[in-house]
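One structure is given below, represented as structure tokens, and several questions about it will come after.
Should a chain be cited, it is by its letter among A, B, C, D, E and F, assigned in written order, with residues numbered from 1 in that chain.
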Amino acid sequence: MHPALRSRIRGYGYEVFMKEMIDDTDENRKKIVQFVAQEVKNDGKIPHFTREAVEEIIREAKRKAGMRDKMTLRFRELGGLIRASGDLALERGHRYVTAKDVLAGKKSARTLEQQIGDVYLDRKKEYNILVTSGGRVGRVNGLAVIGEGGTVLPIVAEVAPAQSKSSAEIMATGKLGEIAKEAVTNVSALFKKISGKDISRHDIHIQFLQTYEGVEGDSASVSVAVAVISAIEHIEVRQDVAMTGSLTVRGEVLPVGGVTQKIEAAIEAGIKEVIVPYSNIKDVLLEKKYQGKITITPAKTLIDVLKHSLIKGDKIVEKMRELID
Amino acid sequence: MHPALRSRIRGYGYEVFMKEMIDDTDENRKKIVQFVAQEVKNDGKIPHFTREAVEEIIREAKRKAGMRDKMTLRFRELGGLIRASGDLALERGHRYVTAKDVLAGKKSARTLEQQIGDVYLDRKKEYNILVTSGGRVGRVNGLAVIGEGGTVLPIVAEVAPAQSKSSAEIMATGKLGEIAKEAVTNVSALFKKISGKDISRHDIHIQFLQTYEGVEGDSASVSVAVAVISAIEHIEVRQDVAMTGSLTVRGEVLPVGGVTQKIEAAIEAGIKEVIVPYSNIKDVLLEKKYQGKITITPAKTLIDVLKHSLIKGDKIVEKMRELID
Amino acid sequence: MHPALRSRIRGYGYEVFMKEMIDDTDENRKKIVQFVAQEVKNDGKIPHFTREAVEEIIREAKRKAGMRDKMTLRFRELGGLIRASGDLALERGHRYVTAKDVLAGKKSARTLEQQIGDVYLDRKKEYNILVTSGGRVGRVNGLAVIGEGGTVLPIVAEVAPAQSKSSAEIMATGKLGEIAKEAVTNVSALFKKISGKDISRHDIHIQFLQTYEGVEGDSASVSVAVAVISAIEHIEVRQDVAMTGSLTVRGEVLPVGGVTQKIEAAIEAGIKEVIVPYSNIKDVLLEKKYQGKITITPAKTLIDVLKHSLIKGDKIVEKMRELID
Amino acid sequence: MHPALRSRIRGYGYEVFMKEMIDDTDENRKKIVQFVAQEVKNDGKIPHFTREAVEEIIREAKRKAGMRDKMTLRFRELGGLIRASGDLALERGHRYVTAKDVLAGKKSARTLEQQIGDVYLDRKKEYNILVTSGGRVGRVNGLAVIGEGGTVLPIVAEVAPAQSKSSAEIMATGKLGEIAKEAVTNVSALFKKISGKDISRHDIHIQFLQTYEGVEGDSASVSVAVAVISAIEHIEVRQDVAMTGSLTVRGEVLPVGGVTQKIEAAIEAGIKEVIVPYSNIKDVLLEKKYQGKITITPAKTLIDVLKHSLIKGDKIVEKMRELID
Amino acid sequence: MHPALRSRIRGYGYEVFMKEMIDDTDENRKKIVQFVAQEVKNDGKIPHFTREAVEEIIREAKRKAGMRDKMTLRFRELGGLIRASGDLALERGHRYVTAKDVLAGKKSARTLEQQIGDVYLDRKKEYNILVTSGGRVGRVNGLAVIGEGGTVLPIVAEVAPAQSKSSAEIMATGKLGEIAKEAVTNVSALFKKISGKDISRHDIHIQFLQTYEGVEGDSASVSVAVAVISAIEHIEVRQDVAMTGSLTVRGEVLPVGGVTQKIEAAIEAGIKEVIVPYSNIKDVLLEKKYQGKITITPAKTLIDVLKHSLIKGDKIVEKMRELID
Amino acid sequence: MHPALRSRIRGYGYEVFMKEMIDDTDENRKKIVQFVAQEVKNDGKIPHFTREAVEEIIREAKRKAGMRDKMTLRFRELGGLIRASGDLALERGHRYVTAKDVLAGKKSARTLEQQIGDVYLDRKKEYNILVTSGGRVGRVNGLAVIGEGGTVLPIVAEVAPAQSKSSAEIMATGKLGEIAKEAVTNVSALFKKISGKDISRHDIHIQFLQTYEGVEGDSASVSVAVAVISAIEHIEVRQDVAMTGSLTVRGEVLPVGGVTQKIEAAIEAGIKEVIVPYSNIKDVLLEKKYQGKITITPAKTLIDVLKHSLIKGDKIVEKMRELID
């Protein structure tokens, strides 16, 4: 099996994207135009691209960047799209590669890595791992990036009597990477405040469901916070909501990467509302077919997240407001 | 000795199978037909396959996938089966390889790895390690995959006075891999709830019997949960029942891999009933000779598992229902 | 010095033997006959073997397997025996290699590894490390495999006031391998039950005497259990008894490897009775000279072991019976 | 993407600079003059440098050293500047490379590494991670070096009920390197004194925001101290202030590296006042465009830092004075 | 400097010697005679050895073995002695190498490794690290092997108020190897019994003086036991006594390696009495010049050791007798 | 930058020097004379050395040894000095290399490593890290070796309320190596005795200032002891005193390496008195220009060290005397 498929589920922050993007300037757009021409020339068989087709390539470069006014630097992936679109145009007997060819090419050029996200999602739905309606205590639909696509990553929390008479343990499973573990540590500052002194009498269990290849990054912070607070307070979480976002120890929501892919995955899974960091709103660049299919709710603090995800959560929102404002 | 025999016992989740399967589509079936033809050609000596023989090869490809509507990608193993079947047809003087030749070939093509599962099972029966009738406190017949076959993996639990005056320890032995250890951590949330505050006064011992090469994966979660709850509550577990299934920290049963192989192994061991995750039911694809030989009980939550495995367990089932519903 | 001598003392379970054995079938016996013939041919000088001589080789193949109805796969070692027997026959001017030549060859073919077991035993006797008569508190004669031979491995336990006011420590020394450490953990479930709440006020020290190269496996479990229970209860252990056996956390005795070699070593050391797992009884295949020289006592549970090893242990046997039955 | 971009954020002490600098002596200045001549000769195309241009190169060598009366030894970087300035002079048709060409060259010669600092800063501003006005409890603008430039590194602290009934934990996240972790340990001596016995009842959380590549060095010590003291005492920190400095366990401020770059980064971020170690004041060598743009406050002890960064912090300054004087 | 000098101080048990020795049989003596002849032949210049000279070589082979009725297998070292003796005979114009030449050769053939022991000893005396008269609380002269020679290894113990209110720590410094650490653990069983419940209120510090290259083995066990018991009970230890011996957790003294070298080192250091394991007495094979220069006291249990090493230790000996008999 | 500059600060004990020295015998002096002649011959250009010049070389060999009656084995370094002196003699037109040339050569031959010690010292003075007058609580001027030269290494200690209600922590920062950490452990025995039971209520912080490359060895033991005792007792330490010395857990001062270099560094830093181990006094071999510039105080026990370093420390000296005598 292709080793590329051994991808870790990534709920990473912004830094990865940072390193693979350039500004969306006229100069850089020209570079992409040149790159398209060169690929056509190198290939030798595929026809030239129309202006609209090139525009579509640039649009994809922007989508892949994941940040407004930026374009991806991963030209190798763009190259795959260019060739796939060209081949389609040839098949269709087009004299030029059109925007439609590029859109169609996008699907056939989906890499092995992208397909994993789909398979995971399929499986989760088929095997009842995903819940997308009603309310559940201690269960949250997180969002993650896997390969190049997004996926819904359910997180379940439970509170149990402490093994130790004097001290609580916080146990997070799912093969978490270093940053993901630190994120849980940061989030614990918030639910310890909700619990108060009582915290020492209970163990907190946090489970990332079926993440056998591991979890990286800190973008599940808000999901973990909501799942644990729900479990502590026995308040239901809306299952038609999914969410992504990093958190400070004082409850501010920080930006994350891959919001576009994550939102598209949420739509595919049947989610009705996504909560994303306020400062990421401008990075959302949905494919046409996904536009208008979901409510996108920006959040500046954990308060905003709790308000939109808890069922009958007014009291706990009020309590949290006092603690972190 | 062949290094392949150094296989770890795997009670793994679904992910491994995920990566080695393709959809059961007409297109992919055609690929297998072509693959059979090519193997026949490469070999040079074995005769062509009848349509029914090829159907049998495809059926095996589906069995190996372990998931409904999927076929295995491990063509190398199929190749072994094709050659073994062809050789048998030659021996029998058949002009074409028939479905019967393939069924017979399946047995002779069992790899070294598959044979281990058999040997382990033989040994466990001969050396009284397996118990398959009556009731026992703290002892559960788990199910695992070893090499390419299934096996019954007994798990024993005991509760002892805590070494520490203030804190319980949960000790699981059997050279557990990372995911298996995390699974024990997740399961502990459930038995801590059964125990209540009392948990801190006892150490919990969990032993995977004679797994000298180690245990991977989280499909033993339900077995561990039942063994420990039985030990805590001094309630007997049915020994004619075997079980497999992953668990969330809130008691939901999640799907696992290899259910077909596991059920066949349970039958070989003399088990009368197997409990499997509800969402895995559709993946069961028993060989004809095993069909109807065992009761297959689907479980959605730990409640279902306890109901079918405990003897006189009504009270504890009721208690657990209150705790996890 | 030959690196082979750097062998670890192994008190291992059954798995090692498992991997190096084949069934004792007519077909496999034929293979050994062929192997003997081939070795004779390859050597070019040694004479052919009589039917009885070949039988003796097969008997050795069975002894080495360590499991009834199995034969060893370690043909290289058999080859050494064949050549040594042939050389002896030549020296003695025999026209054929006889069964007696093979028996004599067995001694001269003892590998370097086998010799170590002897040396260790010699040293232990000469240096008063072994005690083989009378009764001692906290001291048990365990049995282990070293190289290809057996040896007596004394284990000493002591109970001391706990370093910590609130928690006991269990400390086992002797460079224990992973499985050996897990075995001590499993055994601790049993002596914690004997101790009751009192366990937290004492540290338990367990010492494998002079095992500078390390100890592997779990076959010392019963020895550790008896030594610690003796130390806790101030009851003497019979020093003319030696024992081997793995244990579950609930006190059942599980089979181990190498019982034949271990029993022969016990006889050499002057031990009068050995306790072995009930399911291993059928694996005992002593050389003629050792037959009838020792009482072999089978044990199904720790109760059986305690009954035969403690002096005036009735009360503690009764107490343990209540705890693990 | 260029691996050089995978730079860790460094808030390091003085040692790095130490190793890469020589005295600012006439002899060493001559070496730089010779180096410029040699680079011109090696290049073959760029014109000679005027005396003023060489002076500007020397000035840059001093800036890069980061310590008064020292010059950098990193000639490879200077070489880049020389060639960039030469190319500019050629473009502009200059017969000699002038001081202005060098100043212009400095910008175009900014290495990839330098650009990262800019990008990080841009992102932090755009994504609301930076706060540069008003007051906040538990939030401090630290200063760090990233690549060859400076950056503002926000640090957030929070105090929460302790997980353990008897002991506090101090948890710092952000992938801290060894020296950075030791710095937090040292700083803890100071906030434990502020807390008094009460310290054992609370967990202290310290978060370096979005430092996915890790943090090295001890120059964030003062920032951590101020953030934690602010969180403990519920006193606001001025957000228009940024700070850098190492600390002894008794509250003395020790010198750090990179003060010039850090101050310039603070100016770029909109900070109004920077607090730097008293003994580093002489190392500040701002580019002309930054001169006079920010208040530079020297600090000898933590008292000085608290005085300039806390809003209504008189009481706590008084308390700290009693504790560390 | 020669890497051989980087030797660890070894206070090891018997196992090392075990592996490098053969039986002192006529057959093996013949092998040494042949080896001498061969070395003479290979060298080409040195004369033949008289029977007495060869006897002296054999005697050295026995001394190096360190165990009665055994001879060393380290022929390479014997080769050095043969050549050195031959060269001396040549220098002296002898026609044959005589026993006296061999005795003289022994000194000049001392390897670099042997010389280290001397240097360490010199240094310890010159720098007042060794104390060889009077009585001291918590200080014991241990004996160790360094390179091929022995050395005196002072061990100092101290009892201090425990850092923790509820638990004692036992801290041993001197870069101890794994077996050495386990030896300290074993010994702790004994001094915890002397201390009783009180043990939890004090930390025990054990320091192997100036062993910068580390300490291996368990032969310092008796020294550590005496040093700690002396420190706990405020009883002086005789400084004109040195000791070596391994210990069981129940106070029995087990044999160790290198007793001859250790005793010779003790004599060189000015020690008046050495305590060695009872079962090692037969291994002592002092050079003529050392014979009768020291009292050699055998010990079967820790009681024997305490009797001969403590000043006014009757009470503590009595107490220990009750605890370990 | 030259990797040699990445030297760790070493406060090591005697062992390093031990391995790199030979006896100061006539024979060895002859070897140095021959070495000088050979270097002159190999070089081909530099003139012969006068007897006085050779004497100066020998004197340097003794200084480098660091131990009376020993000479260094590091001939490579001596070679550098010989060539440097020869070159100077040539420059000066001397016919022979004179003692003065050697003295001058010593300065120019200072290796890169030696220069680091100077730079560190410069920096510490310039950046106010060093304090060399007056009294300070919890601050001690230690002495260390860096490269081939000495340096002053300030150590700061502080006592803070314990994080844990029941247990003290001792935290030492500065990237300590294994021996350095063990030294802190040993020293803790002494300050725990001073504190008494009270020790469990406070955390002890020990900081080696700005030792970014790490600290090795145990020669800072006395400095750590004095710094912590000063912090516990709120007694000032004289800042015009520096000290070096290893310690036993019972307060005896043990010898260390590099005393000559350390004392010279102390003089350069403006220190007025150095405390060195009594047994090292004979190793001091100051360059003429340093002779008489500092008071050298020998110490046999920690009492001696405290007497000369504390201001108004009579009471604490008395208390310590009772505890360790």
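Keep in mind that, in the parts below, contacts are C-beta pairs under 8 Å (C-beta built on N, C-alpha and C of every residue); 3 or more make two chains touch, one makes a residue touch a chain.
Note that the structure is a prediction, hence the values are computed from the model and not measured.
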Joint neighbours of chain F and chain B, given as chain labels: none
Longest centre-to-centre distance from chain D, chain (CA-based): C
Most widely separated chain from chain E, with each centre as the mean of CA atoms: A
Distance from the mean Cα position of chain D to that of chain C, given in whole angstrom: 66
Approximate Å spacing (C-alpha centroids) for the pair chain A, chain D: 33
Intercentroid distance (Cα basis), chain C paired with chain A, Å: 57
Touching two or more other chains - residues of chain D: 166-167
Chain contact graph, described as a line, ring, star, complete graph or other shape: ring
Ring topology as an ordered chain list, initiated at chain D and continued via chain F: D, F, E, C, B, A
Chain A residues within the chain B interface of the complex: 1, 5-6, 119-120, 123, 126-129, 137-139, 156-158, 160-167, 171, 173-175, 203, 205-207, 209-210, 212-213
Of all residues in chain D, those that touch chain F in their complex: 12-16, 18-20, 73, 166-170, 178-179, 182-183, 185-186, 188-190, 192-193, 195-197, 199-200, 246, 248-250, 252, 254-255, 277-280
